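Paired with chain B in one complex and with chain C in the other, chain A is shared by the two complexes that follow.
Let's turn to the complex of A and B:
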């Protein structure tokens, strides 16, 4: 049985038995290479659920503050967001039924679209290849090469928390050096110039924030008008201030799902800033967000021997 | 809007560089450049070689050169009861090269908003100072559906000079239609001469339009969709659709016809500062939040409905113009695949 059928079966069962009010999963998108979040509330609607390599959204973004009982389809990274949201009391463990999917990586549709620059009529996976077709042309991509950067080095492709698993666990990826590891070695000036040129592109649409399952504050500091922390002049400095604020608010909470960079229409490498912060948290506190349901988040736990080098400057 | 063609003729691909050389050397040229692997933007260009001709459309519409993301409308120096007013810098003459027909149509769509009975000074001024060189398309992009709105993918009356590529890819040169005095002036100063087209220019253009139009597969028929505002305003469809919406501002910020703004002041510690007009988005919760705490569009359902009906109905009711040009940007960039073309089909389905 394929993953799609398995998800449908689990979801239909949950809805039929009245165990949940809704199952949040993926449905077919309006165009090739696209899927869309699907909220199934009946057994019939559950029949429309799908799973494939375009199911990129982190659906945990729909969890904070829910009052109903919900089934949710999660990949490895998404499951970490569920764990973290439970830690942060945004949703109760009893409220969620987690349908885990071992993930082989999500296709970066923009990369494919930019490579073909034409109307795409069909796309399908054939073994290790992605086949894209249009009006009288067809092109094959090595699937691995058109995955999102975060997927290529993903170390947590199997869900860390689930009530049912749709599919067999996959071998963990060897990962290789992450973008941050490569980037950290560059001289400070080069890193600063790169970050500023990325930030200059930001149009402050706030898609990064809104796509992030951990950005659920009812009042975001960027929207506050008393005091007004930030204007809307969208210059590189203000944009960087926004991103630094966001990254710091996510310290010890970012689950590295890549939802922010994926949502960004300007292809801004937000993963670098967040990845660097995640790496620092790991090195300082030995903690990675959302990996262990038993272990409290780094900034929720105080130990007298917590490192404080960043405070004392030593 | 009818096309006024003063003259028309053919120029070679090499002539394009000559056409743009003058404005480029004077620092007046703005053109599409691939600034990141997946991002093409209209940016100031000094070297015409930096221009990318190999693009479907820019990520952000060129609208920002007529209606900037953040425009300083006044400044002041000193604090106290009588600060000294400082006028913002005057906009400079600009040649905007490479504007696609959907984005050219968007100018017509915005004209009654900014140029109506109470003309907007800033828009007016920039319109006057900008010479627009339109560039017809050679391929429907992955998200394009301009033809659904009756837009020709190769020509548009809004351009001062309209370039229609003669053979894809544009190696065969361009059919150039001179459509205004500004266009005539740009051509004259460049010294580029137009050669007579073998075929009557209008016929040639029609033929290219027909060839390309036939290749679009995103076919929607929006006829009558504007009635949804009356008939489906309270329909549960909107709530259902908005379940997915993240409430980000992508669809509004990337839309060539969205035009909402907010006015904010920025003050430095010494009391001096400036007043800016900045893009705003009706998808943001605070867009309609009132000082009393009441919000007439309290959830994403009302906000998303507003945006979509503005495109599909209100603009047309108010100005007799379609609010969407089928550029496909919102469809391409919406993180959750909310697709205005699908919404058109859904609404029409619900009304039959």
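Let's turn to the complex of A and C:
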């Protein structure tokens, strides 16, 4: 049985038995290489659920503040968001039935589009290959090579929390240097120029924030008028202030799902900023979000024996 | 909200500020700040005419926000809040700029920069003042009962006074018996009355009082709540002897376990089930569970069946409006080898000598050492008191106050009992400051006590010589003569140190202690028995060395202060407490573990946090961690602090300390140029 069928079976069972009010999963998108969130409330609707390498959305974004009982389809990274949201008291563990999916990586639609430079009419996976077709043409890609960068070095391809697993657990990836590790080695000037040029492109649509399951504040600091932290202009400086503010607000909370990068209409490499912050939090505090619900929040816990090396400027 | 009209009042503090800070220049600067309608300076803002300036401006409608630039708010914030209230303005529309401790005193050598800084401090205060909101005090009902911690002289006195005044009193005592150190004394100076007679009189009145409830063997586990509404968790160790006990003593006879008798300061022994002295109260034996082997000999020996070794500890909670701490002192225990202490059995402390006087003491009141008569006694003063700090070690630099008089009284007792015994008193200074205590000094001299004075840096040396001791001292009264005294008995007049429970209690109740380790009152002269935590009072030697007279005075004072509080129907509290913006709170709960006072509660169903104002202390820990900015402390909101920060940096980099930046920025706004009257002192 394929993963899609397995998900449908689990979802239909949950809905039939009245164990959940809704199952949040993926449905087919209206365009190739796209999927869309699907809220199945009946057994019939559950038949429309799918799973493939386009199911990128982190559906945990729909969890904060829910009052009903939810089944939710999650990848490894998404499952960390669920754990973190439970930890942050945004949803109760008893409310959620987690349908875990071992994930072999999500296809970076933009990479494929850039490579073919033509309108794609259809796409399908054939084993290790991705086949895309247009009007009178077709092209094959090695699936692995068109995955999101973060997916290629993913360390949590199996869900860390699930009530049912749709599919067999996948072997861990061997990793290799992450994009952050590569980027970190560049000279400071180059990194600064890169960031500023990226920030200059931001249009402050806040899609990154809205796609992020951890950005659930009822009033975001960018919207606050008393005090007004942020100007309304979209110059590189204000944009950087917004992005750095968001990154810092996610310190110890970001589960590295990449939802912000995928949502960005300007294709800004937000994953680099967040990846760097995640790496620093891991190195400084030994903390990774969404793995251990018992662990106190990295930035709220104080240890009297903290060496506080940053104070000494080392 | 009505537009803010800020009045700025710069105080000279009689030169404390104006000798350094150019107050006229600062006042003129303040007048130009946005939102300021009046700026004045005056020699003493806290004086009646100073406060009247503010009240007049408020009354005339010139100002509706007040900034006073003077001393620390700890000193006069309340003074000025009251002035606002008198003038009909909400007292929380006041902001204090500290230009004395944090400016003129700190920067006395740099008047120009101090003036610049005073301007900046005022600029910040004005920025905050414009955002202040009126607030109302919280009113909390007062529980009309007191908790007295410690059942010695101070605790008993305070309990009796409070009970007589009509309040319920819960008296808790850590040991199984009431009476404290007073029970261990023999006679007290200067009246020479028997300590047990005094104690018996006081104890009898406390015990018979219907409003006093006593809990022995009881210690404080946790204290929660606020002034007027303390909730105290207590644990009572098992006594293992019920009220059926007639203190016949058969249990102690049967008990096979013998331990050093702490009541006699280690002279002699007692059993694991014991009564320290015949009149001890409660008149029931108690089991020392640390020494007890649970052999059951006492259980079978008791004709009343009163001994129950399996009795469990009892945890319970009490509510009280006021807490009186009367935990007392511990006598200084000399280090091993200090004046031969611990090396020779005939080197003892003054408290031990007093136990030897007592008919209930280890020798039944007999003053014999082994089979020998005591011929020569040397008393050394200032042991464990007035120590010079050396090698960075903690030293008791204070005078213990009671020991001179107590030592002289003991010497007189020695001379009375053993007229032929030579008594030598080695002292640094004689401080018989208590009323009528000087006669002890005179009488001791007349009765033949020999006084030798040693220098602080050259204390006497005690050398064991076989059965006896040799004391060497350089006597200043004979101009430095080296004197050797062969002594049968050396008595060390030891001082007082804080009781073992003080540090623990101070930590639990967040009370300050001095360098000496004793509890620190709010002010030694203005509020000598009040602790900085409202509703907590200190009585007796928990506060520092005192003799019995002083202990009784302070206990009665603490009781009187507690009674003032308890007789009120309700207490007012500053409303400067945490507040939750319910629209922002997501109920993540990050704040909950940060609150040391249990003042935050998570409403699970609504996913938001609420503040229990009665418990909140307004410390702001929750506001600091709230990821949503949903928590704030009233009077210190993020908005207000952000305005202060903005005002602080607004003046940076300006050559002249009086930047026009605010005015440029808000050019055209009404009121910007409306600098009001600038009155001189």
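In this text, the second predicted complex is superposed on the first by the 305 of 314 C-alpha atoms of A that agree within 3 Å, B and C clash if a C-alpha of one lies under 4 Å from a C-alpha of the other, contacts with A are read in each partner's own complex, and residues count from 1 in each chain.
By definition in this document, contacts are C-beta pairs under 8 Å (C-beta built on N, C-alpha and C of every residue); 3 or more make two chains touch, one makes a residue touch a chain.
Note that the coordinates shown come from a computational prediction; the quantities given were computed from them, not determined experimentally.
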Practice task
For A:76, select first, second, both or neither according to whether it touches chain B, chain C, the two together, or no partner.
Solution key: neither
Exercise for the section: Using the superposition on chain A described above, determine whether A:25 touches chain B (first), chain C (second), both, or neither. Expected result: neither
Exercise for the section: Counting touched residues of chain A, say whether chain B or chain C comes out ahead. Expected result: B
Practice task
Could you say whether A:221 touches chain B, chain C, both of them, or neither, answering first, second, both or neither?
Solution key: second
Exercise for the section: Check the residue A:90 against both partner chains and state whether it touches chain B (first), chain C (second), both, or neither. Expected result: second
Practice task
Name the contact category of A:290: first (chain B only), second (chain C only), both, or neither.
Solution key: neither
Fill in the blank from the handout: chain A positions within both the chain B interface and the chain C interface are none
Completion exercise
In the complex, the residues of chain A that touch chain B are 29-31, 34-37, 39, 57, 61-62, 110-111, 113-114, 116-121, 135, 201, 203-207, 209-211, 223, 228, 231-235, 259, 262-263, 265-267
Completion exercise
Counting only contacts in the complex, chain A reaches chain C at residues 64-65, 88-90, 216-219, 221, 224, 226-227, 249, 296-297, 300
Completion exercise
Within the complex, chain A is touched by chain C residues 583-590, 593-594, 602, 607, 625, 627-629, 638-639, 642-643
Practice task
Using the touch definition up top, name the residues of chain B that touch chain A in the complex.
Solution key: 35-39, 41, 54-56, 59-60, 69-70, 139-144, 215-218, 243-244, 246-250, 252-254, 262, 264, 266, 276, 278-281, 284-286, 331-333, 335-339, 341-342
